Amino acid sequence: MRGWRWLQLPALLCGALVMACDRVAPEPTSRAIAAQPWDSVLAQARGSTVTWRMWRGDPSINAFIDQWVAPRLLERFGITLEVVPGQGPGMVNLLVTEREAGARGSSDLLWINGATFASLRREDLLLGPWADRLPNARYIDTASVIIARDFEQDPGGYESPWGQVEYALIYDSARVPDPPRSVAELGAWIDAHPGRFTHDQSFSGMTFLKILMYALGGGVERFQGGFDSTAYAAGRDSVLGWVTRHRAGFWRLGATYPAGVAELHRLFANGEIDFSMSNNENEVISKVRQGILPATARPLLLRDGMLANAHYLGIPVNARNPAGAMVVADFLLSPEAQLEKLRPEVWADGSVLDVSRLPEPWRGRFAAQARDPHALSPDSLRRYARPEVDPEYHERLTDDWRRTIRANTPR
Amino acid sequence: MTVALRLDSMAVNFGSVAGLTDVTLAVARGERVVLLAPSGAGKTTLLRAIAGLEPVVNGSVVVGGRDVTNDPPESRGAVYLHQTPMLFPHLDVAANVAFPMRLRGIDRDDISRRVSELLASVQVSELAGRRPGALSGGQRHRVALARAIAANPQMLLLDEPLASLDPGLRQDVRQVLTRTHLDGTGMLIATHDLDDAVLLADRVAVLLGGRIAQVAPAEELFRAPATVAIAAFLGIPNRITGRVEDGAFCSSMGRLPVGGAVPHGPVVAVFAVDAVTVATGDEQAGVFGEVVELHRHLRHPSIIVQCGSVTLEALAPRPVPSRGATVGLVIDPSVIHFVPGTDDA
Amino acid sequence: MIRRGAGLAAFLVATPVLIGIAYSALASVGLLGPGSTGFSTASWASAFDDPQLLRGLGWSLWVASAATALATMAAVVVAALFRPGTRSSGVARLLAVMPLPLSHLAAGVLGVLVLGQSGLLARGAFMAGWIDQPAAMPALIYDQWGIGLIVVLAWKEFPFLALIAFSLLADRGRALEEAARTLGARGRAVFWAVTWPVLWRGLMPAVVAVFAFVAGTYEATVLLAPSDPLALPLLTMERYTDVGVAKRGEAHVLVLIGLVVGIGAVALHEAARARDRRAT
Amino acid sequence: MTSVPAMLRRGLLPLLLLSAAMPLAILGLASIGSDWFFPALLPGTFSLASWRNVVGTGALLGPALLASAALALATGLAAMVFGAFAGSAIAAATGWRRVIGAGAAFLPVAAPPVALATGLHATLLGAGLGSSIVGVFVAHVVPACGYTTLYFLGIFTVREGGHEDAARTLGAGRFDVLRRVTIPMMHRELLEALLLGAIVSWGQVALTLVAGGGSVRTLPLEVIDYLVAGQDQLAATGSLLLVIPPLAAFGLMRLALRNVELVLP
């Protein structure tokens, strides 16, 4: 899920106005529901309606939710699923506004992660802890640092994971049969093929720079455990130095950068550049199916390590139907839903389950899951996955890149 | 005879500056009063103020015996007719005439009967179904008049109804105005045209310097203008400054014996062109001068004669004398009007 | 009654905007909004300290001037050539005004699809054998001079100005042109002596409104403009959506600068018109 | 012998045709085509998939279209009424009152959307209208009223109230004048103002987001979401839906007014 500046503007605007507001204690009744026995939760959920607020920008995800999840929820649990659009900062803003106005909640379930989770927790807008009580929670791959930690934060039972993604470059196997596989090789490739590489200015592009920073700055371990300005200064200097060294080989000589990842995809698909990138290694699968990227497009991981993160489901404190929301979250964690979601023709979203913990026949089914030719192997994904760290690194790097590289001002 | 309109010391501003300062005037029912004033004197402003379209700063407006100074335009009983008729382009002729009656919620049959009557009275019955855009200028005036009468007003306020019309059309509209007989309604017709005033008016009110300078029937106005300024506005050419002493008018032309009730002291003698004729013999002539200019009016040719420091306009004799000729002039003392004071107009 | 009406109308229209301006003014000096820490001119200092601001402001003014000038010229030429009474004037008017309801967003997308180095123009050039790859196509979008953005904005604003130009010529222009012709003016002289002055005076308020709008427009700009210099609306939005609340004050400084550009254009025009009125 | 203007006219007509037809053609192609990469002049694959998102289960574009249409209509009506009154009031004022009135009308038009959004959001929150469709309506009405007020200010400045005055002295009250004279005489201007206000609302992005808190979904918001997600086919379909209704309204209005003009001289 990408936050985007168009959407962020109003959200932050709203946030701006409510920052100074007093915090109202959440209602204790909703909290109590989270502590009830599962049977009682199921009973309360039956016949109810769950309003799920989520990003609606991808037709394959929408189809999965509307045509696969919703009918099963109705059939098995008597739950009517209602999906409303909303994401990231906009949801934070909405909940704050609702609390301020004393209005009843307009959502029961939220698709969140990272910064959104942090803001919601800071504002005490999430119900919990409840996630660990879901029956299907026992299958979660708790050994994975990607799932157990959300940008270095402990979910603490206030959000339940339901998918994971890993950052990947995208290349065209027809145009670049032998792509660079490390940061060093990428640098050499850029020098050898001037004008064929760039990254965008938005969140994805800055995440790419962050990946470079970890790779050139001695690994992500150097940056873990909260923001450290010394580690940052060193990391920044190495990544901006790398960019400066290879800049002459960038698209348009590195004088301008595409606004967002959609623009980057467009340049890539039309052969203006040879690489695109994505927060989700499987985006290439759905975009190829949708005819947005060429069929020869492939994801690419750099050996130095790529960033990965999980996405979660949260329940707002003012939810009208927390019981129903918990049932939906549990269903989405079920092996059946996770497997369906993983299928390339459905969504190709990474599973958060530890397959070795699953009972048969699920273990076999996951193993037999035919992999899309565009998809990467779970092994390599796992090998190169690096966890997200303190968001301040992202902010500072973005700021410094804008002031120096983008503004074409020598440092 | 009751009064249709009475204005008492009425003051109206032109925009934000003082305009009309002290207007007092009365119009009787069935009377046609022409408001005669030079362009820019405030005729339109005065009519619009009476109708309630401009705010009255001071004084009062009484229509049909009722003080309407603070009433909105629609309840004053005074209809204002624009110089160019403001017929509603989205309504046909009959609907335009029916407009004021519709507002009063009159029965449909009654309305259509009355509309036919009114259209017949202004001789445009055959145009009932036409849109205003398809009418000639004269027809528009007729329809506008019919529509105004349909409002059954105490007063009709007509703003320069004949200005900007060609001569044929002027005749046409004049006829409609003079023939339209309205017993209960007074008419105030603004114009700057002397001929119109004479033709249309029962009485003429002269608006000069922000006030009504004189109200009189047309002949009296032209014979005895109250001030030199009025005389000048009326275009009376001969205005001689002098004194009346011992039954004679003394000026640079010499002494002219006058009779009757004549003011004493400094006066201005005002007299029309036809008061001065060319003497047939020298013994008759009161004053001699040189012909400096010939005015070839169609009906009354005149000559301009320089008599010392005084210039006189006189009826031209036949044959017309040539320029530079010396002529003797006779002034008929009985038609001289003496205005007390000096000519500062 | 009428005077009170004008005051009330002005109040109702202006209040939300004035509140916004007041909010921005207070937030820019740290008295309101997130991260506000009491009165401080730090945001102003750091906003003006950033060389991106003046470059971005200058670039936005250039793009707005060029696009407005181009759209105005096109509108005048089309309206003058197809004035009422000429052949195919009806068709031309209809075609000129057709793109009017198109959103700026769609206009930006079309700009990318047509003018990009791999856009339809480039594909046509490829088919014709003029270029062999996208990079050989001149850069019309994300370019230093904003050529593509100027073309798109001019095309988007042209129908609005053309609509006004057409009605100006239909209302007053025709009689005046006839008058000029009877006075002996011919062809080009009629245009310069009558058509152009009539259009110029009548179009001016709309031209100013277009300029103010274009200088602050975001949708097409974000799709077509380069990242350096960063156009003022883009810089403002970037500051606004920055994750760190510390930039919010700077964002409000930029909002106020954008406001000065918009209101300034209107004020300049009004002043010029007032002087013009006094002079004649 | 052809004159220079005639030659220019002949050259310009195809350009105008291109400018009018190109948006619809390209958006139309993009909405049904994918695999459209350089140097192909036409898409490689055609499908109506994106149009299923207009109507059908889980469709987003259809409901957004309805929301946009309702908002545009309501905004257009409100802005038309307000603009007519405000415009005539300001046109009738003199001196500094007129200057201030005209300046006020210019404010929402010339102010950048962010400034407008900040003020509106503060006001809406104060009125308890945050994140509601009513709040979005109010947010759209403000700039729309700016445009319609300026529009009517221009009209009433040159228009003399002769017909209204005539009606008043013929016995019509203020309301009668409005109902029987001003509205029937100005139906063209009123319709144009309605369209103007509706178009301002129709294209609104920033204000919808601010006032609606993201939960009031209009067509431009969907288009932006798709654009950001790289879903060019859906974005094109949405853009096409954004173009067609105003174009149709425009055409219908011209047609309706042409009929009126046949009756009127």
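A, B, C and D label the chains in the order they appear, each numbered from 1.
FYI, a contact is a pair of C-beta atoms (placed from the backbone, for glycine too) under 8 Å apart; a residue touches a chain by one contact, two chains touch by 3 or more.
Note that this is a predicted model, so its numbers are computed, not measured.
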item	value
Innermost chain by mean C-alpha position	D
Two chains sharing the most contacts, counting C-beta pairs only	C-D
Subunit B-subunit C separation of Cα centroids, rounded to whole Å	57
Distance between the centres, which are taken as Cα means, of subunit B and subunit A, whole angstrom	90
Euclidean distance of C-alpha centroids - subunit A vs subunit C, Å	38
Per-residue overlap in subunit A, given as positions that touch at least 2 other chains	9, 13, 17, 266, 270-272
Set of subunit C residues in contact with two or more other chains	27, 118, 134, 237, 240
Those chain pairs that satisfy the touch definition	A-C, A-D, B-D, C-D
Complex contacts: residues of subunit A adjacent to subunit C	5, 8-9, 12-13, 15-17, 19-20, 115, 195, 201, 252, 255-259, 263, 266-267, 270-272, 391, 394-395, 398-399, 402-403, 406-409
Complex contact set, residues of subunit C against subunit D	2-3, 5-24, 27, 77-78, 81-82, 86-88, 91-92, 94-107, 109-110, 113-114, 118, 120, 122-124, 126-127, 134, 155, 158, 205, 209, 212-213, 216, 218-219, 233, 236-237, 240, 251, 255-256, 258-259, 262-263, 265-266
Subunit B residues within the subunit D interface of the complex	15-16, 48, 51-53, 72-76, 78-82, 84, 86, 88-91, 99-100, 102-104, 131-134, 147-148, 150-151, 157
Interfacial residue positions of subunit A with respect to subunit D in the complex	2, 4, 6-7, 9-11, 13-14, 17, 56-59, 62-63, 65-67, 83-87, 90-91, 93-94, 97-98, 100-101, 106, 260-262, 265-266, 269-272, 287, 290-292, 294
Complex interface listing, subunit D residues touching subunit B	94-95, 162-163, 165-174, 176, 180-181, 184-185, 263-265
